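Below are two complexes that have chain A in common, paired first with chain B and then with chain C.
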Partner chain A sequence: MSKFSGVVKTSIKDSIVYRFDMAITLITAPISILVFYSLWSAIYKYSGVDVIRGFTLVQLISYYVLTWVIGIFSYSNIEDAISHQVRSGGITKELLKPLNYLVSNFFITIGHRSFAMFIEIIPVFAIGFIFFKIKTSLTYLPFFLLSAIFAFILVYLISALVGMTAFWLVHNRGIVKIKRVLINFLSGAVIPLTFFPSWFQKLSYILPFQYLTFIPINIWLGKYTIIQTIQFLGIQLLWIAVFYMICVFVWKAAMKKVAAVGI
Partner chain B sequence: MNIIKFFRIWKRSSEMAIEHVMAYKTAFFLLLLSLFLGDILIPVISVVIYQVSSGIPGWNLAEFVLFQGTLIIVIGLWHAFFASLLGETISAVEEGIFDRTLLKPFPSLAFLTAYSFDPDGLAEIAAGIIIVGWALAKMNFFNSTILIYILILLLAVLFEYSLTIIAASMAFTFVRTWRLFELINIAERFSRYPLDVYNKGMRFFLTFIVPAGIAAYYPAAVLMGKQTVFVVFEMIIPISLFFVFSLWLWNISIRKYNSAGG
Partner chain C sequence: MEKKDDETVISVKDVWREFKTSKKEAGLMASIKSLVKRDSVVENALKGVSLEVKKGEMVGLIGPNGAGKSTLIKILTGVLFPSKGDVHVLNFIPWKQRTKYVENIGVIFGQKTQLWWDIPALDTFELHKELYSIPRDEFEKRRDYMIKLLGIEELVKKPVRQLSLGERMRCEIVLCLLHKPKMVFLDEPTIGLDIIAKDKIRAFIKDFNKSYKTTFIITTHDMADIEKLCQRIIIINHGSIVYDGPLEEIRKKFANYKIVDCKFSEPISTSSFSFRNCKVLKGNKHELLLELDLTKAKISNLINHLITKYGDDIEDIDIQEPPIEEIIKLIYKKK
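Entry: the complex of A and B
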């Protein structure tokens, strides 16, 4: 375990060097929230209603602030890392290291996200607290944190799986982009899933993507009972197990395919 | 600067860009599909918004979709013809090889612009045209203001180009900052919705100080008769000033370059 704590420490140091990269969120997040707030304030006022699909304006803004928080917390660029290393041939060097590639990259991501907590997440949360009074109950806070951690693991596994397509396609930017578009749409990161027609909601409920954004945020907002919340956490764990098994299977197949010629 | 020489360089570099992507046809077409899909889903969100509410004040669904399609065309044109300028500058500064561009017997910005063609942007332009076409057909709208629409649209692209130059200029100060692309995204975020959703102060800021709000708003508003064609004169001044500012910033920024990399 100590070798992985070394990986985490190194990735935190790496993040500190490029802190300006993260600090840009301090500009982009407030602006995005401001635009979202302007848009939906105008829509609520123009529609003459206080609640749209179970969300008051304040709840909807809280929802949006939390999509930023969850998005930053669970962000992973493992797909880009795999693609780049496959293209450059650098993957062989990585595979020769006495650490499991996917596991060590998981700890690298933990290091990066730990630093992001301070530079990105806390300021975004502060905006939510100060301007929109976003709040949760102490009962739901531990469930939210657990759900956010599960979302982080699930995002990593899905990203790794998509990244592995590079072993077959070499240039997989298209697949990566399709994944990002679909996840944005199906996870409720753009607007809450309850805004969509019922057939779409039913479809998204059987897919794993709502567990990346929609479910953790609704847990924060206290929209489920404790029993429902525990059930959702259980299903999240189940999806983690499913994607973990798929990842292991695809990784084994990729190792048979790997040819480190570089392109 | 010799314009003919510029277009000769642009033509050659564009041919090379196409040859490059054609070397990996499947990957290229998957990427085009992903960009197309991402853009086509934007009006789907609008449909959802209009199903659950009365929508954007003063804009019906077809008008709002036209607005979004216009923005997608503007972003697509920027992506196809100017976006690579930023990436090329960031990576050249990062690797410490920007002096190769400076040593060329051609203005550095013009040279990088001539090398900026990116075929990926064509998928976005196509998606934007389809969306605008759908909205126009829905509104049963075809008249001569479409020519003014195209002119204003090109002014909006000039704004995006200026913003790219500003972001690229910053690469000389903040070495290895790939997130400079997000500065463009910020402008795009403000452009995503009609100026009508913002308060008066914001509207003024987004029209005259950083004219991000006008990227899709004015072209679409003129086409639908929400603004007169004379608005084109109103747009030329802030956008031209913004462009001149970007050129000035580029010229003082390249003097900072020191080949050290990052």
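Entry: the complex of A and C
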């Protein structure tokens, strides 16, 4: 529908204003990757083994660069946007638009991330490829792209849920912070999940968060068979369906509260 | 069978709106107590409000802060639902069919902007073309016409954050009316603007109302907005409508008096002045300021009396109607 393409287009125009802000990543990412690279090269060398917790050095460095890639790809500020709107009362004017707020913001995020592809994502990958010699599987690239898109949608839905606590809590920065830290660890964004103690790994396997980072990256590193990959993609879709339904339910409840109490 | 031009666009019947607020007393002990137990009080923001608006009317909605204006507007725009009563706007029940309903209305909320901040207004206009499914030709024609009328050809190309308040408000008005809404809610449309900008915007609104028979509901504290734009005004106080009718009739109903300012060329003793149904507001050797109750006396009689009594010593007699602000203030103060 042209409503959505209109939002995406406008959002891209908006992103262009922030191009220099976004370009800072081209400085922070390489530095961060360099530190990680130096640390782990030393660890692998000192320990004298080729594989630690299922990862060779090359795979581990590739993993880390890809956490940046997928992190930027799925980034959304919806949780901050909602609480800001609720606190400022600006949510009222959002409700007067002929498009659902969460849907509209989803397409705004798509617009922002599309622009980020050129300024941040592809450049960071290129830096990893050229300077840090990361290795990814060409065969599994299409699967990775699909998995990354699913991860993007999942991140949005989870962030929207956390953001909507603002309707009941108004000051929900504490919850947002907890969510960020927990998900960072549980998704494997800090370090691959195999590096954690087994009880933590078991926990993360039943939770949806590994599908935000750990699984998609491993797909592109060629760590799974085609069958396993397709199974993981299927589970990602299932989690999307679950969170979508929860979001719809919570949004309806939030709107009822707004219309009953006026925020 | 009603004529098409006389169709009712807003119908509000006996609307009540209550709010539960938690009562908390001052003091540390009370604060600690309130963590566990909260006393709640039910207050009525709207008490049995009823009104009807016909297509093409320009209605001013005024009342002191806390009178219930915003509550009423929120109900009319579908953001709030009433505790009791029926509301129909453009044949919709606003809060029940909100997403479809809002395609037909335009809203301006004084200070809050609907324009994207970092990009030119033109870009937000484009977005609205898509959001409201406005055909390309119609969109460009109307957009260019409005931009020309308001003189903002260059301004719409600059990022909105670089515009002054007056410049931004002119862009907001265009944005609000681009999709030719049937009903427009304006909340403080001229706030913070200089006199020229105010005039431009008022003229523009009037022009739009004439051309498209758009219904306008204007909430404002600026009496000049009301006087220049609205044929009908509704005054809300303490959750009820205290007046609903033409502006001129307000004087007759609430403040039927005239102020007579009589200035003297020579110092003259006025301590003995008296006239039935006439109050002396100020009396000294140079001036006599009087208030005449028009329900009980005639202005010509008072003037006659003054001329008879003071004759050649009168330098000037100025007859004024009570300023509308004073009348409104009186109405606001009533319990």
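Assume the second predicted complex is superposed on the first by the 257 of 263 C-alpha atoms of A that agree within 3 Å, B and C clash if a C-alpha of one lies under 4 Å from a C-alpha of the other, contacts with A are read in each partner's own complex, and residues count from 1 in each chain.
Throughout what follows, a contact is a pair of C-beta atoms (placed from the backbone, for glycine too) under 8 Å apart; a residue touches a chain by one contact, two chains touch by 3 or more.
Small disclaimer: the values here were computed from a predicted structure and weren't measured.
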| task | With the two complexes overlaid on their shared chain, look at chain A and say whether chain B and chain C clash or fit. | result | fit
| message | Is A:Ile206 touching anything from chain B or chain C once the two structures are fitted on A? First, second, both or neither. | response | neither
| request: In the overlay, answer first, second, both or neither for which of chain B and chain C A:Leu39 touches. | output: first
| More chain A residues touched by chain B or by chain C? | B
| query | Taking the superposition as given, does A:Phe185 touch the first partner, chain B, the second, chain C, both, or neither? | reply | first
| request: Applying the touch criterion given at the start, work out whether A:Arg173 contacts chain B, chain C, both or neither, answering first, second, both or neither. | output: first
| message | If we overlay the two complexes on their shared chain A, which of chain B and chain C does A:Leu99 touch? Say first, second, both or neither. | response | second
| task | Go through the superposed model and pick first if A:Phe196 touches only chain B, second if only chain C, both, or neither. | result | first
| request: Using the superposition on chain A described above, determine whether A:Val49 touches chain B (first), chain C (second), both, or neither. | output: first
| Could you state the shortest Cα distance, in Å, between chain B and chain C after the structures are superposed? | 6
| request: Please identify the positions on chain A that touch both chain B and chain C, taking each partner from its own complex. | output: 18
| In the complex, chain B residues that touch chain A | 24, 26-35, 37-38, 41, 45, 48-49, 51-57, 174, 176-180, 182-183, 185-186, 189-190, 192-193, 196-199, 202
| request: Using the touch definition up top, name the residues of chain A that touch chain C in the complex. | output: 2-3, 5-7, 9-10, 13-14, 17-18, 89-90, 92-93, 95-100, 258-262
| remark: Within the complex, chain B is touched by chain A residues 18, 20-21, 24, 27-28, 31-32, 35, 38-39, 41-49, 52-53, 169-178, 180-181, 185, 190-191, 195-197
| note | In the complex, chain C touches chain A at residues 19-20, 71, 74, 77-81, 95, 98-100, 102-103, 105, 107, 109, 112, 114, 116, 118-119, 123-124, 126-127, 129-133, 159
